[in-house]
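The first chain written gets the first letter, and so on, giving A, B and C; residue counts start at 1 in each chain.
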Amino acid sequence: MNATINHDALALILEAILLSSDKSLSLEQLEAFFSPDEQVTRADVRQGLTALRTLCAGRSFELKETVSGFRLQTRAYYQPWVQRHFEEKPAKYSRALLETLALIAWRQPITRAEIEEVRGVAVNPAILKTLQERDWIRVLGHKEVPGRPALWGTTRQFLDYFNLRSLDELPSLEALSTHTLDELVL
Amino acid sequence: MNATINHDALALILEAILLSSDKSLSLEQLEAFFSPDEQVTRADVRQGLTALRTLCAGRSFELKETVSGFRLQTRAYYQPWVQRHFEEKPAKYSRALLETLALIAWRQPITRAEIEEVRGVAVNPAILKTLQERDWIRVLGHKEVPGRPALWGTTRQFLDYFNLRSLDELPSLEALSTHTLDELVL
Amino acid sequence: MVLPIVLELTPEASTPLALVWGEPLATLPNDLYIPPDALAVVLEAFEGPLDLLLYLIRRQNLAISDIPIAAITEQYMAYVEVMKVFNLDLAAEYLVMAALLAEIKSRALLPIEATATTEEHDPRMELIKRLKEYERFKKAAQALDDLPRLEREHFTAHAEVERAKQAVLLPEVELRELLLSCQAVMKRAEVSAHHSIRREPLSIRDRMSKVLSALQLNTAVAFEQLFTLDEGRRGVVVTFMAILELLKAHLIEVLPQSTPYAPLMITTVETA
């Protein structure tokens, strides 16, 4: 190795190379970043990487060796913050979903057929699934009619989400049909 | 600010956020990475960034503020090595492209005819297309003359790419021209 | 025709052309093979007539304002002739400039009084102004190119993130939205006449759900256990009505008593 480069300086060069790379780099690939007159051997690269690993102690990122080589990656500790890069903007729920949820809230226990009867259209099973996954609705039992359809109702999580202590706090259907929304104290 | 986070810890969180971002992030955007109960204010983010700048001393990368915010970038010193990510030399821009871009940068808003007037030659449409595809220039409006030609100006991406916080950071044309005349008389 | 030019033609592109232009142009045989791109390369080195003029002026270490117009015009015309000789697709701008130079040159030969009257349209001053302006932007382009930039001096520093679990942000819903939905759906249902919406106090509906869920957890629940005495008389009534509604709807049933006055056991309806 060239006398003008020590292993700490080499570690920083490797850091710059890895930080500007979009993929992992093998020892061989890293070696190729140096020109022949720099006389950086594979052993030097190895030592440089060891020095780099030490340099990264106490930083937000670490040197990671994978099957395809080396890369710098943020430490698991920072996941909660870093994660937000990948959070997608929440979609909006469809009108069909909100109406289904409203019917389950005000008319529980209610079967899917009953929801369909009021809404006048079929309920997409995906809607019930979404609402279930959100823990807002659950099956309370089964109606004793042919097919034993599930009876849906809302959950404690539903009340929590909407800041309600009980379903009594929902405006009554009478109030809904005779008053405009603004008149209802929300 | 939450007592459990100090500014050095915050600096490392900001480091992780910036290292995992593919674009510059503004103070506002950085602030949004923290949940309300972390109680990280914009002033905290600012202090965290100052701490991060210090933390980067002696590393291969630095904190850079450009027009759209903050990013971490490798230092110019590492250019000879980092450059080799490219199989070939980095894109060298033609004089025609650079002159066109210079006219748009210093003289915006400017029409194509005005560019041609100064340069004394027609502007190849491919140049404007290239500059647009790089997101360095955009149409700011149209000049109220026959034909309503497009008025060109530079973008934030242009400033980001050339490490500028604002157009004010471009060298002044006066400085450039006096320098030129002295040189010419030799 | 004066041809002082050929070899040191351009600052950048002289090497490949030396072979072609080793001899004075006038002696070039017509059938000499000229690499078709050679002159194009030369011309590409100039960004137009202004750039070529600047080059000619600079070569003589002159300030723009001191242009010896006659000499420069001759040199400029020589270039244009070369371009013509090689049948180069000569940009019209070069010819326009040639005409301008010729005009300036001929004016210079006129008596001073004749030119003084048209001073505001002095084409020489105009040209000098344009040359200075162009040179300014030539420098600006160079200054721009000298700025440290991404993908050359600097690279965005990027570390990988292990994306173990994807956080999905769920849509937010306001109670107001839910109310609007309910209002909308009810209105639609009322419009279609054959649906009569029974209006029951919500508290009974709520209690029906609670009773059903209590029965979900246990196979059978004592009737008394379904009541919360703390709720007072109204609560008891509501629960009792809920149980009656559920019985009416055949959602629950009362198990047969094993002995008289044994506790009433309530269970969900099981059908085979």
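To be clear about the criterion, a contact is a pair of C-beta atoms (placed from the backbone, for glycine too) under 8 Å apart; a residue touches a chain by one contact, two chains touch by 3 or more.
In this text the structure is predicted, and so the values were computed from the model without any measurement.
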*Determine the shape of the graph in which chains are vertices and touching pairs are edges (line, ring, star, complete, other).*
complete
*What chain lies farthest away from chain B once each centre is taken as the mean of the Cα atoms?*
A
*asked:* Report the chain ID whose CA centroid sits closest to the centroid of the full protein CA set.
replied: C
_Taking the mean of the CA coordinates per chain, how far is chain B from chain C in Å?_
14
*Gap in Å, rounded to a whole number, between the CA centres of chain B and chain A*: 31
*Roughly how far is chain A from chain C, going centre to centre by Cα mean, in whole Å?*
26
*Considering chain B alone, which of its residues make contact with at least two other chains?*
16, 19-20, 61, 72, 74-75, 82, 85
*Any chance you could list the residues of chain C touching two or more other chains?*
155-161
*asked:* Considering only the defined contacts, which chain A positions touch chain C in the complex?
replied: 16, 19-22, 61, 64, 71-74, 76, 79, 82-93, 95, 98-99, 101-103, 105-109, 117-120, 134, 138, 140-144, 148, 151, 153-154, 161-164, 166-168, 170-174, 176-177, 181, 184, 186
*Please name which positions on chain A make contact with chain B in the complex.*
12-13, 15-17, 19-21, 32-34, 55, 59-61, 72, 74-75, 78, 81-82, 84-85
*Partner chain B, residues of chain C touching it in the complex*: 47-51, 57-58, 61-64, 91, 93, 97, 130, 132-145, 147-161
*Mind listing the chain C positions that touch chain A in their complex?*
155-164, 166-173, 175-190, 192, 195, 197, 199, 201-203, 205-206, 208-209, 212-213, 215-216, 249-252, 268-269, 271
